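In the two complexes that follow, chain A is the common piece, with chain B as its partner first and chain C second.
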Partner chain A sequence: MNIIVCIKQIINSIINQESNNKRYGLNPFDEYALEESLKVKDMLKAKIIVITMGTPDAEFILRYSISKGVDEAILLTDNAFKGSDTLATAYTLFKAIKLINNYNLILCGKQSPNGNTGFVGPELAEMLNIPHITCVKRIKSINNTVVIVDRLLDIGSEVLESKLPVLLTITKGDNISRLVSVKGRILARKASIKIWDMKFLNMESNRTGSLGSNTHISKKDENNKQKNKEIFTGNASSIAVKIVDKLLENKII
Partner chain B sequence: MVMNYMLSEDEKAIIDIAHSVAIQKIKPLRKYYDEKEEFPYEIMKEFAKCDLCGTYIPKQYGGLGSGIMGLVLLIEELCKVDGSIALSIAATALGTLPIILFGNDKQKTKYLPDIASGKKLAAFGLTEAEAGSDVCNIKTVATKTGDFYIIDGIKCFITNGGDAQIYTVFAKTNFTKGARGISCFIIEKGQQGFHFGKKEKKMGIKSSSTRELIFNKCKVHKDQRLGKEGYGLLIAQTTLNNSRPGVAAQALGIATGAFEEAIKYARIRKQFGNSIISFQAIQHMLADMATEIEAARSLLYTCARTIDSKIQKRISKESAMVKLFCSEMAVRVTLNSMQILGGNGYLRDYPIEKMFRDARITTLYEGTSQIQKNEIAANLIREFSTK
Partner chain C sequence: MNNFLKEIWVYAEQHYGKIDKVVYELLNKSRKLANKLNMPLVTILLGHKIRKKAKQLIIRGADKVYVLDDVICNDFKDDVYANILLKLIKSKKPELLLFGSTLIGKSIAPRIAANIEAGIISNCVAFKLNYSSKTNFEKISFITTNKYEGKKEITTVTISKNKLKIVVVKPDTLIDRVLQNRTGNIIDIKLKDNEIVSKIKSLNIKIKQQTEMSSNIIVSGGRGLGNEKGFILIKQLAKAIGGTIGASKPPVDLKWISNNFLIGKHNIVSPKVYIACGISGQMKHMEGVNINNDTIIIAINKDPHCKIMEIATYAIVGDLYKIIPEIIKEIMFRRTNKINNVYKK
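Moving on to the complex of A and B:
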């Protein structure tokens, strides 16, 4: 069984437990995807490859993945990849996966907290011409031809079955990331990371980066966050009372 | 901040991983295990998954090959959070060191990989009711009959007793030879004639089990003997010289954990309109604690490195000094931490009273503080008699 997991470095909203790098972290949904792939490897003979497209310092999320038990890591990095939207990102990942060629299962995170589109996985599956299932919270069973998954719905969940190869996008389920072992940590430090650039991927420059992107950010409204901000002052216990009152008033609790 | 001890990358990895297990897996449950006095099997599984069971076991037998230093760093880090749960590993090391130091290749191959992987725990059976400090006074007997020994007697106070699978046990093979009449055997749980007695109720280290080992015509093959017949006392002493830094690390870890609780508390607790950390009396207590802790750590790491380097033939004096200093220091530091927390320090809602209870054992087992002083003094007398 060959598994490819696509992971993405994010600027931290949630600081990952293991990274020494405070500013950057691994997309938490990719953490779930990674754990699902490792659970498959616990059950049957599998090789896991992680790939990320990003800047050179994204290397640490690859080493982190190796410390958890991943076998191989590839960093897609090139100045030309800068400014990729979801389509260009998916295309770049697609070219890399074409080069790897040998896969039965591809896992992505359901979404990422900064881009938040959830597009990359499905786009990638379309390009590879394989089926995909989004919002998977658990791989229930898998063999060399078929996978059965639990897919999260607004209310409850559904059980779906797919032939392999298939792409799954993973959300939170019973997949809290395992702890890193000492041997894993030592291995990760010494592991060699493959670095592939645009030339290596044999890509047309108008299919990646901002040139390859159909969507462009024309305006950003940073003030959005500030809108409903209210600062409470006083000592801790009086602030606590004010916060609770406010939450009650807005029917949040 | 800990001083920079120029640790290797592998050593830093041990500390990092131990830290995440301690914080994520042990901390939420330390109170539970202390109050229930339950053996922490679930946490043992985490230790195994994270490769923390064989830091000191040579690489060719599945360990990390990080020596006594690897053991010390692990135990210290775990004990910052809980001084009791880590003992299952420290006591396993104590039971395993005789095999590492004196086992033949067949014995090492048979036992070490399962210990390194965390599949099995070990224990060390020396103490008896009438032989605590006076180890030569053991009454357990191993009578040779053909290829076998028949073992009879009762060991007491054995850490991991009942929960370990592998026991290194000391017994008399010759009552007329005194110190030269003791031999060491590897005995497995489940062997006919080997049973466990009552589980002791203790002041601290409550998640660690302490039981009697009862041998009643227990038949052990001679291949299970470690080293030569009559070399048991040497095996015990050499083992303790290597293992005492482990107890010292336990003490150091507990002291560091208590100190951190104390300084955090001193920063936020206000009296007379100020944080209590602004009072010089508190500051001086903290300064003394921090100084003693760092002195203990320096002595401990130096001793562990010296043992691993094998450059020094005799290490019994330094090993005793480390155990003596770290354990007595831990008792002082946990007591003073309790003082800084005031009444809260005495409550079971705060971790300090447990840290004190756990620290207290370190001046007692693997030789009391008095016995360490005897050892140090005996070395001094020997050294100065030749000058």
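Moving on to the complex of A and C:
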């Protein structure tokens, strides 16, 4: 069984107040995806490859994955990848997976907190011409031909069986991340990370990065402006009079 | 893909014959856009035993409804739905295609986008037209929102020329507006035998009890209620105001109220008015409340410094057990005295 897990680095702005450093970390949904892949490896003979497209410092999340039990890690990095929208991201991952060319199962996170689209997984599946299932809480069972999963729906939940290969996007289930062993830590330090650039992937520059993107961000605002906030304090019955005035004013009642 | 059909398409999501509320909001929003651009508004309805629902789409703004009523669409399957839509889209080439930001919309829209190399936008809340170009899409931009680490970001996104535009629209108002005297065409589409086959099989499906939290006014209770009796008060306030109830996680964990009322990431609500009683407003809870510029948040809390008080439109500082009964009393008082004529039932 060959499993590929796509992971993404995110910036936690839990800023260290002294150094003002941004902290890099792994998308929490990818942490769940990683754990699901490791659970499969616990059950049967499997090889797990993680790939990420990102800046060179994304090496950190790759080594972290190896410390948890992943076998191989690939970093897709090139200045030309910068500014990729979801389709350009998916296409770059697709080219890398085509090179690996040997997979039964692909796992992605359900979404990632900064772009928050959740599009990359289904897009990648379409490019690879394999089925996909989003919002999977757990892999219930798997063999060399089929996988059975629990997936969330807006209206409830469902147990689905899919033929392999399939791409799953993983959400939180009981996939709490395992602890790193001492051996894992050593392996992670020693592991060699494959680094692939655009040329290696044999890509046209108009299919990745901002050049290869069909969507363009033109303006970004952070909206923290306080609406005319009002504070009510004091005696309960006088508060009630004032707030009911507001309810009427806003045609709420 | 060039030479697009000048039509706006809306995917009419349904679950076992029931049209999702987000579709009505989408129709309401896109009807206005269609009028401005002078283009037909078309909806696609896939399902089983759903043909009679097509009328519901027409009276809410659709000019044309494509219906596929087929047993293969009974259960939602990502690959089946995406492939059927793809066939239709490829044969007609509409320029703008809208999906609701539901689990289903977010699963099939990107799949379609990848196949036809469209531009795809997520978390859209509004369309912006440049009026000098009223008759084409070139100058349309999309306002999107995203919450990142508790902060709301608003981003304007555009799509390259000559690309089909797929936009996944976030439900916010859940406005359901029925229009007067509307007519439209219903066009049946049929599949050939074995035209669509799925690699996915449903083994078992559990449908959760529908909660009535899609209401415009939600009164929620949190740990600050102190015990399960607190929800009696919450229900009374909801009844007086004409809303429904909700809860944060502690009351659910403590079994004061059923899990169906939990508001959070897995149960996102979009009320116009959110009344949080004894809720501190932590991120895990607020992830479940879609807030836009018009949302009114009323917080009743003892602690003037907790998070919910920071974001509240009206922050009421005090003991909820003293304040809520007074508010209910005051509402009743105004009703019976008709002091104010503005109120509507």
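Just a few scattered comments:
In the analysis below, the second predicted complex is superposed on the first by the 211 of 253 C-alpha atoms of A that agree within 3 Å, B and C clash if a C-alpha of one lies under 4 Å from a C-alpha of the other, contacts with A are read in each partner's own complex, and residues count from 1 in each chain.
Methods note: a contact is a pair of C-beta atoms (placed from the backbone, for glycine too) under 8 Å apart; a residue touches a chain by one contact, two chains touch by 3 or more.
On a predicted model such as this, the values are computed, not experimentally measured, just so you know.
After overlaying the two complexes on the shared chain, residue contacts for A:180 are found with chain B alone; chain C is out of touch.
Using the contact criterion defined above for the overlaid structures, shared-chain residue A:44 touches neither chain B nor chain C, since it reaches no partner. Contacts of A:189 after superposition: chain B is touched, whereas chain C is not reached. Using the contact criterion defined above for the overlaid structures, shared-chain residue A:232 touches chain C, although it does not reach chain B. More residues of chain A lie in touch with C than with the remaining chain of the pair chain B and chain C. Within the complex formed with chain A, the residues of chain B that make contact are 9-10, 13-14, 16-17, 20-21, 24-25, 46, 49-52, 55, 64. By the touch rule above, chain A contacts chain B in their complex via residues 17-18, 178-186, 189.
Of all the residues in chain A, the ones that touch chain C in their complex are 12-13, 85-87, 90, 113-127, 131-135, 148, 152-163, 166, 213-224, 227-234, 236-237, 239-241, 243-244, 246-248, 250-253.
Here chain C touches chain A in the complex through residues 15, 20, 75-76, 78-79, 82, 102-104, 106-115, 117-123, 141, 145-149, 151-160, 163, 168, 198-208, 210, 217, 240-242, 266, 272-273, 293, 296, 298, 304, 309, 312-319, 322-323, 325-327, 329-331, 334, 340, 342-344, going by the rule given at the top.
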